[in-house]
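Below is one structure, written out as structure tokens; the observations come after it.
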């Protein structure tokens, strides 16, 4: 009976799998970029994505004033207005996610590279003061004020302690990433207006069927997601392979010191990497809200784990690999859950990963950086 | 048992389009110091890599002490009695010098988890033996004064010597040195020459890659010259030095600084 | 004066590797630093390039204090290094590695770059044979050629060479020193660190002898070459 | 419908009379040692909101009691387990060590219940859980165990009956969230309905995308779909089913009876059936009013009323002069009073007597009762 | 010393601790032993600390029972951190699915003592350790060929697979979990009852001592050296005769065994487990504990494990905000002490100081 189901629903599963996979791919790009440059599993990337979904929500509701429901129905928009809203949301997500990624890099990673600067010191100092304030104050507002007052002296102190030129071990980056991820998620959960509850984003795009393929409806939101993933991957590939800064990114990925003595501004390149990763995550976030119209403080976690899996599946550090890995994972999950039941979805994903790595230890397309020989 | 400790038998090593070793055949006799020289990219390091199991030869075989090394894992080859140093130093940077050497000495030890957990006499015996070997080797190499320092903090020259000590600690029959004098001052090279002779005197067979002619000419018994992966000459130092093909491919104008 | 290093002190943790060294390099000169293992030569080079922070002292380039500016700014000023250990990008091809040498070059007309490219390949024909091979799979000597070639590609005003002859075959070593003299004649100032001190001093205008973080002797290249103490210590002279 | 009406009006009478009794008692001067009852459940963490709703219900009962009895001030102590069974034993131990605590409102979830109740049982400290519905909680021979609502073994068959008889479904799809609650309920429905279940699957509640399950349902084209799980996922699922063009009637258990479902599903919620062992009778309105008075701007949420009933039972014991745990436990055995949700009387296994299950329907964004399931 | 310098020095060395260590190292063997003995005794009395008049508030866990926190959280985390430290800190293998082994240990005890049999805990425990160890070997054999972060993500997957399987397989109790797990048998006056956590603490703490004792032996042996060498440079290690695969597998197996041991202790204490006890986040928390304390340093792992387990309970007052604070703290610690609170030291061998070079350097070469 199950085989029969697979047969009849095969194309359905394929289409939704590709759409889901495209989302994975978009998020995976950010992981892969950062991993490629810093060899860091940027655990907080999922939170950058989460910030993007909220940016989309805020842009649509608070900035553009789209209501959640109009007379009990979705606030569908059409034509020019629709395009405008979508673009505004995309922009909002990309900007906020990009900015989030920058702040993250400067505060949580850069000091670990031994080149901590004022910006990072200020962010860290503010957070520290804010946390200290939690001991004394109850309301977010007084806490905030205390945090701001405390920032100055603490930042000065931090700047003095930042170790110049000392590179921390890789594990330290990983834990810092985990810490940042935890702090961001929790901050949204604690101080967000709906706490830990799910948020809805207004649905402006009616999920119309554009056409049919093999008897399956091809919905407009899926088409947008798939095209978006392709476009973004291509743009990123062009950037990394064709531009000077792209060369810098690759150089930093392989040998930081040599990159420096050849004139690469390493901190800037890393920053750009984070910005790009953030912008991709922002794009993914906006498209995510387009398909699922929802968000939550921890929405990034599982998606992040899956996307990182996708990046590894494709060959981490390899941009095309991220795309391929995302698609393969999305499809495998869909086919797999139809075959074995949805509760086994993640098991299927991880077993697939294991099997692929067994035969191709550096992923489907391999790492783009090969190891030096003995 | 034949007189040859190591035999390379028509070894070819290809990397995609690059043929790094092309039908290489030569042998090392027991107790000799054999020099392996040749222009950059001639295939010398690749030769080491094939012998020590880093690469599996595309074709041909390597025989050590009369048996083939084909299919052996790297560590098994080391345990058979081949130890090496690296052209780009590969120490364990966060371990002390003496620990680095003890890792080498452990190649001869058998204590594993069980023995260590139970504190078997063999464990204690081997530990003590490892320490003694390590310290003696460090003393021998002249770097015992920094035995307790992390390898990463040692000066370059010490690191090179430490690599040799670590390789010796595995009690090899064949010691393969890949450019051990790179980065040494002439005075240090002279010291190193003495060291290599002393090592041989202890009964080791040495395979030496080196670009410094005074050193190579000074210590080796025989020399094999590679060019573009092929053996272009074999012979005593003086024979090789006068071989026109070697001069053309490798030596160039004779060094006027002798 | 092009480069002036004054009372430079650099430490690794608690260990001071440079205990206050001073020297100068004039425009158009070849200056060499010689010294035993661990004397601090590499540390000096790395500090000039901005890879190490100083504990004290200063580095001045063409009258500008560059002690605190980041590495990449120094490259823009015209300082480029071929580092000890070669620093090849393992995952880039030989061509891409060479291209990285032009990273900061402003002349966007590619003809000048192409000319330099051709020149480097001419100097090291071996690299041309290996042009599409990944840097990480090159042999030691090939990597050394690549590192030098890459530094040349950046057309530096001050070229820092840290043991350029290390790992090169004898034939090439002679060639390398000829190249150094030649590019110097073409106007590039060179600061050279070499174990092959006799060759280096012969080519250099001036030299400094380093010992455990101090400058212990300085003089014209030939004078040092003939100094018996220097000969004994660094040239293996008998 | 008429049956339920008479039921709830009867309930109203009893509550009213009980309250007046209480007041009368105060006038006579109910005095007591400083005693307290405790709330045990998640107040923070991912399940924090559910716990806060429950705690609020208990809090309301306690403060009403305290205002009515100035000479007998009862404290409410919080034990925030984050819904995590790993933390439960240490908290339970602390509650046990605090001699002033005479009863526990909680634990909120089945998992933490199983971890904590053995300790309470050993200490003879009575518990009334307002929310843990797992069917086999009652067969552990725990003397202290009580719950203020019916277990899933009562709700499940009723749901099946409703689907079979009232909805007259020929083809049913059943989905669960692979949690103890959701799967437990869904399994009962599956077992009861037998062959009419044409499609069955699980989802991962943390995932955003349910397309594999949706495809399956779309393909099997059932006329009714039952989902066992909580409201947030129910909302997402409803939406995705409708987006894919599935028109089957959606049926849910009591975990979905929350406004969060309406918010998450939007127009997709319309027409859904929700079952619950609770009835919002006329006295419920009174309770709701009191609730809003105490917590301005809020209305009682899931299990708030059950918690109120649970706390009221303990308060009644205190008012009856019980001063130790054994006394309170004994008192609960004989307790029989009308609560906000139902008549509260426990059998020897700690289950509330009576097993009325009510059906609710979502219409135009409002959940309203349609009657008792026969 | 300027202010900034002093600030730097405070953050760059756990000042007094390392001073104490140095001072102790100079003392004679007997002084060191008695100091150790006093410390151990004091730690056995830990459950009573909160009732010490003035100093009690330092450790007390408001709102939750301190002895229970010690047994359910601190002991478990310390054990787990010790085990994970072998894998991550010593052998340098990044394992993000360590919770899987912990779960295997707990489930083995649960299944054998409640779900499908009624074996006593004392028998189940060693079986659980063995089963976890086997799980480690089964996971390790195919995956240890992978390098670096590929291993990390595969192990992460393993942890999830274990949890999801437990959640969905009826035989394993599915999402309902398994209750009525057997407790350890009473030993003389030590009665393992539900309401007294202290005996469990004594048991757990003793276990920790034994594990530390055994791990120290391993660390100071050929095995520990091989692990270090593998972490530092795997290729070079193999070429120096280290059977890298074997030792990596041992690291995995030993780590898994300790994880399983922790799981079996946990199951025996709480008597109820379900899949929610073993979320992915717990693996991450374990890793954070190890790195926070100082990866590669056993004492670091102990401190890290204890802190990560105890801190949230100590600061229960922050309720909702403690996880946030924890996240911020992780970042701050990593920024200012990237090597962890007690960094790994380059081991200075004690014997080195007293080592006298033998008169004639002999290489022991082959003739």
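Lettered A, B, C, D and E in written order, each chain numbered from 1.
Everything below uses one rule, namely that a contact is a pair of C-beta atoms (placed from the backbone, for glycine too) under 8 Å apart; a residue touches a chain by one contact, two chains touch by 3 or more.
Computed from a predicted model, the values in this text were never measured in an experiment.
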Both-way neighbours, i.e. chains that touch subunit B and touch subunit A: C, E
Steps needed, at fewest, to go from subunit A to subunit E via touching chains: 1
Whole-Å gap separating subunit D and subunit E, where each centre is the average of the chain's CA atoms: 40
Averaged-CA centre spacing for the pair subunit D and subunit A, given as whole angstrom: 37
Length of the line joining the C-alpha centres of subunit C and subunit E, rounded to whole Å: 48
Euclidean distance of C-alpha centroids - subunit B vs subunit C, Å: 29
Where subunit A touches two or more other chains, by residue: 343, 346, 373-374
Subunit E: positions in contact with at least two other chains: 167-168, 235, 239, 320, 323
Where subunit C touches two or more other chains at once, by residue number: 137
Residue ranges of subunit D in contact with subunit E within the complex: 43-45, 48, 78-80, 84-91, 93-94, 96-97, 110-111, 114-115, 118-119, 122-123, 134, 136, 140, 178-180, 183-184, 202
Of all residues in subunit E, those that touch subunit B in their complex: 214, 217-218, 220-226, 228-229, 232-233, 235-244, 246, 250, 254, 344, 346-349, 351-352, 355, 357-358, 361-367
In the complex with subunit E, residue positions of subunit B that touch it: 52, 54, 73-75, 78-79, 81, 83-84, 86, 90-96, 98-99, 102-104, 106-109, 111-113, 115-117, 119, 123, 126-127, 130-133, 135-137, 139-140, 144, 147-150, 166-168, 170-171, 173, 199, 202-204
In the complex with subunit C, residue positions of subunit B that touch it: 15, 18, 38-42, 44-46, 87-88, 153, 155-158, 179, 182-190, 211, 213, 249-253, 255, 257
In the complex with subunit E, residue positions of subunit A that touch it: 35, 39, 41, 43, 107-108, 111-112, 116, 124, 127-128, 131, 134, 157, 160-163, 166, 168-169, 171-176, 178-187, 189-190, 305, 308-309, 312, 316, 343-344, 346-347, 349-351, 353-354, 357-358, 361-363, 374
